[in-house]
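Comments concern the structure below.
To keep things simple, chains are lettered A, B, C, D, E and F as they appear, and every chain counts its residues starting from 1.
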Amino acid sequence: MRRIDLKRGLFVGRFNPFHLGHLMVVKEILAEENEVIIAIGSTQESHTLKNPFTAGERVWMIHESLKEAEISLDQVFVITIPDLFRNSIWIHHVRSYCPPFTRAYTNNNHTRRLFKEAGIDVKPTGVFNRTDFNGSKIRELMLEGSRWQKMVPKAVIKIIGTIDGIERIRNISKKTD
Amino acid sequence: MRRIDLKRGLFVGRFNPFHLGHLMVVKEILAEENEVIIAIGSTQESHTLKNPFTAGERVWMIHESLKEAEISLDQVFVITIPDLFRNSIWIHHVRSYCPPFTRAYTNNNHTRRLFKEAGIDVKPTGVFNRTDFNGSKIRELMLEGSRWQKMVPKAVIKIIGTIDGIERIRNISKKTD
Amino acid sequence: MRRIDLKRGLFVGRFNPFHLGHLMVVKEILAEENEVIIAIGSTQESHTLKNPFTAGERVWMIHESLKEAEISLDQVFVITIPDLFRNSIWIHHVRSYCPPFTRAYTNNNHTRRLFKEAGIDVKPTGVFNRTDFNGSKIRELMLEGSRWQKMVPKAVIKIIGTIDGIERIRNISKKTD
Amino acid sequence: MRRIDLKRGLFVGRFNPFHLGHLMVVKEILAEENEVIIAIGSTQESHTLKNPFTAGERVWMIHESLKEAEISLDQVFVITIPDLFRNSIWIHHVRSYCPPFTRAYTNNNHTRRLFKEAGIDVKPTGVFNRTDFNGSKIRELMLEGSRWQKMVPKAVIKIIGTIDGIERIRNISKKTD
Amino acid sequence: MRRIDLKRGLFVGRFNPFHLGHLMVVKEILAEENEVIIAIGSTQESHTLKNPFTAGERVWMIHESLKEAEISLDQVFVITIPDLFRNSIWIHHVRSYCPPFTRAYTNNNHTRRLFKEAGIDVKPTGVFNRTDFNGSKIRELMLEGSRWQKMVPKAVIKIIGTIDGIERIRNISKKTD
Amino acid sequence: MRRIDLKRGLFVGRFNPFHLGHLMVVKEILAEENEVIIAIGSTQESHTLKNPFTAGERVWMIHESLKEAEISLDQVFVITIPDLFRNSIWIHHVRSYCPPFTRAYTNNNHTRRLFKEAGIDVKPTGVFNRTDFNGSKIRELMLEGSRWQKMVPKAVIKIIGTIDGIERIRNISKKTD
């Protein structure tokens, strides 16, 4: 019978959108652990400049990108987690949405601290080129009409096309009071 | 390049726990569609008689059960959806957490009606033996100390053992005011 | 120029559905005050046995019923108020959704107490036949397939027909776990 | 018997305060539809620079302004709708608070997009002078002590006087940490 | 300088009302620890049969009862904690509202389990006569008009008199639909 | 028997952290009233630049600071109050968490207005040196690594050391998107 007590690494993000930097981290975690948990945060939010995509669109991007990269979903949990608006217990909230995990991976100082205060082991992710692969920069390029396509998997380009995502971001930015 | 406009069937439940009846429905949907979306509802709730397991425990049970049944996770979305406490728009809430889907599968009259009022195609699931495979009955048997194990995949038995789930359910039932 | 400091009476209810007893209270209040405020509570809820209709359906029933009764909407405020789940300050919540009012009308002991504790004048409504005109009784008759139609304005019958309301209530009651 | 399947146009705003531009839109909609639904959003908020007035004060301003303009309330629904903080399903939330409507009227790009994504017909409103009639500009003038009175119906001036609204806005702006 | 790393015992309850059994537990904890934390839960609720008193009324009862018993408030934290409606992380929520504590005291199986799952030391409280000192029984006696006064400190009788608490409970019970 | 109808003054703040200015206000209120209620607001928030400390840490700071200043906790209520996000009724929310009080003390224009609109007596606090004793300034100094220690009681320095508070604030400020 299959063992259930595998080593799992947790990767928390908002994935707006899922980009090549994220993909590198997934591969890095899978090189060290049996399985990876991709936890999508702020799933209640969409259609804002910071979180333009719905939870469903983000899940979809991740599934298609992993398949494109020939990573089997058998070793991946993709989990949608709404905000709790309670920093001091957010880590426990995340934990209640996930199967047991060995450690969390993050380069963010604030997130690392929250994991540490909750007594959870944290590891930095290998340094990828954050200048190129950066969610807020990608969203800015989308808004400006500049080239963002090289920073994301092809599947993400396709999905953003299907949902008319670039136009959505531009409409958000023209929001008047 | 891979197509992203696949046929997907939606299967909504609370999965407390995931049982053999659920597994049959998953197989049935995969026989008709390219992919299945297993949407876990009421994920904010746990440690109650109706929803004893956490969202993470339920996700874990589903992943392990599908692997045990040799169903590739590549064709399955497992999505965690908190309650919205707004029946009239709950279907739209669910939809915002999922990739596009062709139709929903359910035998529940109330859920079917909500899908219909939202203009979504609904199909009944093939009749399985609801007397044997029924969440509230399984939880009752767990509480009584009767045999519930034949109604769930082996992986579910293992996970419930790991988390000391039967004892948890008994403690819940002894809750005093 | 028109005066804005009119005498207004507040009438709080859930109006699931608006019935002839409610209509009598509206008339009674308009006989004593310049204007009536019909405050619809629990507007976030619908598709339950206690609150089967949406906020919009309830507003619609009230407007059409008042027109049918030839009561001008010029002297009526119809206001939709979500629950706050905070009994001790609910009255202040209601007040923040309404224009200034002189007093509240209710026959409910609990509601009367909340108004009193908040320092607001409360008046009982003239006794109408509560055996005939009673929301929970009407919903029960709808469920059983008995005659409920004599207890509500014709406009309400029409709207419930349009939204297939009786069938909705039956589907709710067949909700399985 | 009166028909209930009328043509209704939806007009969503925050109305802080209701101004002459809003009044023009109401007239424009009533010229094309049988009835207008004025849906007041963000009703849970008040006493902020963006939403200084309570839901009740805004309802009151609208009723009195329409009477001043000799528009019968018999053809107007004024509905108070709290925020849902879920952009992707906000339109469905609004819809659940309203009677059925034919189309929505808005000049806002973001709102128009949300209606379109929800499959609802949207029409731009006739261009009025947005430089003169603009909520945030009016609130700014109130704060500065400049002339804002020409931009709103007389009834709104009266109500703001009654509630000491200008002083309230100034107090809000002096909020210290 | 005073030490801040004292031994503290946590005592969680709803205290509707604070009774002599509660007082015994406070004394018991103070005999073993330097300080006691009295954590009042469900503080958002009041005016229901289960939680008739407001958070403020419950705090007030506790302060006055401790003074009556000549227990100095210098060694007592009285903390008001709203429900989170998330059993799996409720203990962490409670912890975020309290100063550090050594262990929790409870005789409730369900609560004990939640503490254990969160990795916190729990101790049973010495057995007091639960037949006499029991919140739901006291509330029942209040409703029936029987003698409840011997079960609570004199200060509690006085406060319940001041707020007309018995009449409030009776009004709640007469709540009609 | 002890009187329960004492004169109590209400002091609302966020206390991030409790500083010497706050301590002066407490002393000032105790000179005029029998008891002081220290109501800690925004208790659901922590680990942000505006509210770096948890509710529990803030309660702890206040208790230890009062003891250090030899103020008996017998005359002090320390109450934790979550935000309601409803300005118009926030005062009533605060009131429901407190024992009865005679008046509120504040120098904040906005808060004073909210108390006045709710019909509660408000008094300004004696002017202390707000340039020296100011929460946002103290947090800024902590972030910069400048001297903040002279502005707070010694107990606060000790607690911030114990929880590694300065490092926490720096981690928060380095939060990346």
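Worth pointing out:
Here, contacts are C-beta pairs under 8 Å (C-beta built on N, C-alpha and C of every residue); 3 or more make two chains touch, one makes a residue touch a chain.
From a predicted model like this one, the values you see are computed outputs, not experimental measurements.
By the document's definition of touch, common neighbours of chain A and chain D comprise B, F. In this entry, B-E is the pair from E-F, B-E or A-B that repeats the interface of D-F, since more than half of their contact pairs coincide by residue number. Each chain gets a centre from the mean of its Cα atoms; the one farthest from the centre of chain E is D.
Set against the C-alpha centre of chain C, every other chain centre is closer than that of A.
Mean C-alpha positions place chain D and chain E at a centre distance of 46 Å.
Averaging Cα coordinates per chain places chain C and chain F 42 Å apart. Across the assembly, chain E contributes residues 46, 54, 86, 88, 96 that each touch 2 or more other chains.
Contacting chain pairs in the structure are A-B, A-D, A-E, A-F, B-C, B-D, B-E, C-D, C-E, C-F, D-F, E-F.
By the touch criterion given at the top, residues 1-2, 4-5, 43, 46, 54-57, 59-60, 63-64, 67-68, 72-74, 76-82, 95-100, 154-155, 158-159, 162 of chain D touch chain C in their complex. Across the complex, chain A is touched by residues 50, 85-88, 108-110, 112-114, 134-136 of chain D. Those residues of chain D that touch chain F in the complex are listed here as 44-48, 54, 167-168, 170-172, 174-177. Note for the complex: chain F touches chain C at residues 84, 86, 88-89, 92-93, 96.
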